[in-house]
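Please go over the structures that come below.
In the two assemblies presented below, chain A is common to both, partnered first by chain B and then by chain C.
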Partner chain A sequence: MTDLVTADGVPSAREADGAKPVRRSRRMTGPQVVGHARATAAVCQAAGCLSAQSDKVFEEITAQLVADGVTDVAVKRVGCLGLCAAGPLVEVPETGELFRQVSLDDVSELVSALKSAKPVETKPVLEPFFSRQRRVVLENCGKVDPENIDDYLSRKGYRGLVRAVTELTPQQVIDEIAKSGLRGRGGAGYPTGLKWSTVAKQPGSEKYVVCNADEGDPGAFMDRSVLESDPYRVLEGMAIAAYAVGASHGYVYCRAEYPLAVQRLKAAIHRAEKAGYLGEAIAESTFNFTVELRLGAGAFVCGEETALIASIQGGRGTPVPRPPFPAASGLRGKPTLINNVESFASVPVILRDGGEAYAEVGVGKSRGTKVFALAGRIVNGGLIEVPLGIKLRDVIFDIGGGVPDGRKFKAVQTGGPSGGCIPEELLDMSVDYESLLAAGSFMGSGGMIVMDDTSCMVDVARYFMDFCREESCGKCVPCRVGTTELHMMLTKITEGRATLADLKQLESVAAMVRDTSLCGLGQGAPNPVFSTLRYFRDEYLAHIVDHVCPAGVCALSGGESVA
Partner chain B sequence: MTVHTLTIDGIECAGAEGQTVLDVARESGVEIPTLCHLDGLCDVGACRLCVVEVKGSSKLLPSCTTAVAEGMEVTTDSDRLVAYRKAIIEMLFAERNHICAVCVANNHCELQAQAADLGLTHLDLDTVNPVLDVDASHERFAIDHNRCIMCTRCVRVCDEVEGAHTWDVMGRGLDARVVTDLGMPWGESTTCTGCGKCVQVCPTGAIFEKGRPIATTKVKRPYLPYLKSHSQEVPA
Partner chain C sequence: MLRLGHRPDALIEVLHTVQQSFGYLDDDALRYVSTSLHVPLSKAYGVATFYSLFTLKPQGEHTCVVCTGTACHIKGSTTILNRIRSRFGIGPKQTTADNQISLLTARCLGACSIAPAVVYDGEAKGKQAPADVIARLEEW
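Here is the complex of A and B:
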């Protein structure tokens, strides 16, 4: 069974009681800095760089500085610096330098650079990867120590929440969100202000706020990075939402595959409670709000809101038909507001700086910025945040640095398993909810997988169908059997055993699965098939008629099938 | 009580607040095929056979869980819906090993009856042909997973009517199975009361009573006292 839920929102006794002495001894804080630090080495401690031993790099820098008796250089653990492909990353904010792929052998060189580092007035002009971005949600990523609430407070943290609970009525908070034009960053793009207002208007005093951190799209790591780099921001957003809709209890539903995010969230919840930003009488008002953590057990479908609710309640993570929507009847049958990590992380800024300021960026009905995870065949893989309305070409070629090894760009996959592949001829399109939908894709949670001419589009469609088949909960027939059948048909094509009649059948079954499935997983599952058929039909035909895989990926048996 | 008026396939109907489209359609003589639905049990909207088109909604809605609303215009039998229903039944046949000729439920099977009604004469889809178990460890009953269509009627009747909750679902996707007591053999179940309600509600020959022809266990269904009196008729 994969649908078990582990409940663990409470820090362990050791952490709760003896937290400080234990943590101090375990957690090196860097050399003793006397007075103001002349320079700081900000060492990325998010999952990408950690996997390349950035924790060891941190310790080595500290040890060498201590050994050399340096007292005016600080070393700091920070969240994601963005350019994950070049990790471990170390930034020196005072000089604007970014050291890449810092191995343990490079540390002595880095330390000597730190010793002679001189703060500069004008920071060096950064490459387009940084200069073309606009960081709102990620404004603290790579700047603050994710486990330190004082660091968050020093960067205007919790100002939004304090303003909301002390100066505004719940309705004014909702109005502010509505003015910002913020839409659900989990993918579907439902207007956040409208959602909040719907929950706020429901009768009854028992309501819930749930943060959906069950990020499961292949190649997507936006929510993970936000939680690992700036967890207080998400908690602040949830608290503001709770104040606006009239909830006093919330849950973060995080997938268990993100142990670091879970650890940092636990620590953040604990410290926010101690600091009075969670719990009773927040900011000395009458507003109370507590947050608990729930861990998913590895089911993609639990990101669907009704399945998520079932999972939090301890049941099997299977969706139920909507209506009723969770806004009217959700957790324990009570009105429930469910937003994604990035949506909540956008809220503090909106309350702090105002909805109009947030809405200045963007295009049409898509306002603000969106975080994307660039992955696949791209030079600068990593975490980026761009204003909505930016050209897709700028994201991939300016920020992403294009395709490596001199290969030719073929397509970019957005929106995860419910999304689609966008071909080269559409690269000048704007990145926003409506344009992506019109192109047969989907905003999704923000994964962007770049493919070059070594990718076979039929094989890509088959890969995503295999994913949906594996992740189908098995409740409704079209998704349970349909995704299996579609996967069998796509396999047949990639093996060169299909006929043109099979292609026709593929299209009709895909339409049936899209139209009759119970939840978004099944309804979206055929999307990669539709979008590859729309833009790369010739590749399907090459497999079927000519028994050739143009990209040279599929091993076709060839010849035995009559087209 | 609020009453809504709506049209189903052009027929003007009246439905009380809280009634489903399926309830009102059947009261008005419009037949919508169903499999997982059974009067007297909660609806789960799983088989998708009863999906209908509602004017103004871009999505197809399952009539068993969609409440009636004022001025609703419902279509239950468009070409597209009929084609999709046929595809659903075809998928169920392709999923597991349904061989009517050697089945205990032959001629008393709702899946077979739906296939006949929809004119499904052969399968275009490739069959999955899984290797599945038969659990005959119970003294009186047995379950053949080859014939199960995952309608979960057994799960619901056991939970909602008998109150035992012996049955539940395990696994996901194509590996989903109905199980007794966290996957133990049925014969070793400590919660099963042996009431046989799961046998009576099973639409196919998946759950059956040992040594009795299915006809004698199925024919009683309309008279089962624990389900509503206007229970679904079983084709004779």
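Here is the complex of A and C:
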């Protein structure tokens, strides 16, 4: 997409909206370390911390260490350290210390701490944000330099792929995935092993593997963090999948809104090819696999698999009815395997350590771990990975640290625009596919937005309906007209002009849109309405009958109007 | 375009490149792209208008993108947009009369833990209070 080539021969990504190229000066390396580094300053270079100038912090630490002639302290760029709300973050793995909100003025203090840092045998006991997590997909996030393939290799990278192509048959690889119980991490939870075996069984030699990196849910940034922090893991997972299903070409379809992820993916594809982990004769076997990157252009519906295929082929992202499923007839009419970023990122560890080991964690039919993005009214906002089956309360109050400013927890929204709001009385539920569905929500890709008593639930439902209305591709009537109608009804309620008859109509139109829409966007669009009606009906009634907005958000009570 | 091999399925990539070079997609650019890639002009236009990142209108000197993702929404991105409207008289997808500032919104930048997020000329900033945003825009 651009002919700019940086010093090391890797095409540089440009800002998606076309305004300015991403600043990518010649890559500065850390200070020269003589022998073994006594301490390392791992500086987070993921999007959250970068927006708080963590790149400058990296350069400043390096400059000061060089100026002081320190030769036994290393400085390293790493991916997401997790606690994004407290960025820029700098971790010293040898001592287990984590420095938060490091501004340029704090660097001299940090450098003097680094000079006297002594590696410790037993790491200090971490706060629950870290200790309650279980990192599998994120095991390298914040540990490896996302642009350095050797770093990935030194942390057991590519062992899963090498094992697959040298020791196992494609069927054995699929069996291993089936044993792990891995289910689609994009939200729907379709068993990954089953999907792979469906594609593998299709006749023909031309098949495709597609990685869905079109993370469109507002409030979700798991895939972004994985791509920015550990891109080789995703490529390894795709290569294993290609070997299992018999594909030799793959695509990563990434949102253009994530310029840094695009840049790191490009660099990773380039380096993996050079190192022989992509391309021809991978790991000296007869297996060939190439990957191409495709950019989205800002359409939420392209996360739907048939729309995604249309978009990869350069067309408008409109879905088509299924069946035929992409597994039988997808990209260019050929069998196509589509998984999302987190699913592919889970694969290498399953092949490396075995499916049974992966399946040890989890509950019921939900095995393994899931990455969530915690945001909203929460103290420890950031990226977390927890075993499935953990209690929702533990996620929000132990790991997340609860609601700030002494406010009262009201609801947590999961599953993006197709999900729902879970109220306080259900906080003791287990976090897994089935329980979330039973509670009227949805696993979704993993965004969790916490709301306190300053959020109006009708306004939240209206917000998501506005989103679906704008993102509807317009192909089928129930979604195109239905979401517009629902949005108008919800607006009427938030403006205090609705009657109880409108509420009744809202429910019946919502059910119609859910039951008759063509794809997941329309079918899921009424979900926020249903879940808020189920748990927060009193707020709807307050708007309609009493003409007040209990949270003071909606215009009828004099709050800022949502234009 | 050469690098992408004039393949019709490279339409979106090519449109990205054109927009990066010229700032927006005008009629001439769309005509040129459709001829080069051997796709009907209607398809090029259809794609350019379907995806929200493509714009057919020239942008102002500076662009300000306000994230309206869920986390930013509940942390006050609407207030930011309202303040910008009352101070500069522009709403989303509009440009000030002096062609200095174009205001855009993003569905979600994925910077949710530092909400509300605003991007000034490609530089993302987190935890922006309405006053910060206005002050920054007034510098332009």
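Assume the second predicted complex is superposed on the first by the 531 of 563 C-alpha atoms of A that agree within 3 Å, B and C clash if a C-alpha of one lies under 4 Å from a C-alpha of the other, contacts with A are read in each partner's own complex, and residues count from 1 in each chain.
In the analysis below, contacts are C-beta pairs under 8 Å (C-beta built on N, C-alpha and C of every residue); 3 or more make two chains touch, one makes a residue touch a chain.
Since the model is a prediction, treat every value here as computed from it, not as a measurement.
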item: Partner chain(s) touched by A:A299 [first = chain B, second = chain C, both, neither]; value: both
item: First, second, both or neither for A:F467, with chain B first and chain C second; value: second
item: Which of chain B and chain C A:P321 touches, first, second, both or neither; value: first
item: Chain B versus chain C as contact partner of A:T516, first or second or both or neither; value: first
item: Touching partner for A:A85 - first (chain B), second (chain C), both, neither; value: second
item: Touched chain A residues, chain B compared with chain C; value: C
item: Intersection of the chain A residues that touch chain B with those that touch chain C; value: 1-3, 299, 316, 471, 473
item: Touching residues on chain A, where the partner in the complex is chain B; value: 1-3, 299, 301, 316, 318, 320-321, 323, 469-478, 480-485, 488-489, 505, 508-509, 512, 515-518, 523
item: Residues of chain B touching chain A in the complex; value: 44-49, 51, 59-60, 62, 65-67, 80, 83-84, 87-88, 91-92, 94-95, 124-126, 128, 149-150, 168-176
item: Parts of chain A lying in touch with chain C, wherever the complex brings them together; value: 1-3, 14-20, 22, 47-48, 50-52, 84-85, 87, 215-221, 224, 256-258, 294-300, 311-317, 373-377, 381-383, 413, 416, 447, 449, 451, 454-455, 460, 463-464, 467, 471, 473, 560-563
item: Chain A-touching residues of chain C, taken from the complex the two chains share; value: 3-4, 7-13, 15-17, 19-21, 23, 39, 43, 46-47, 50-54, 59, 63, 65, 68-71, 73-75, 78-79, 81-82, 85, 91, 104, 106-115, 117, 121-126
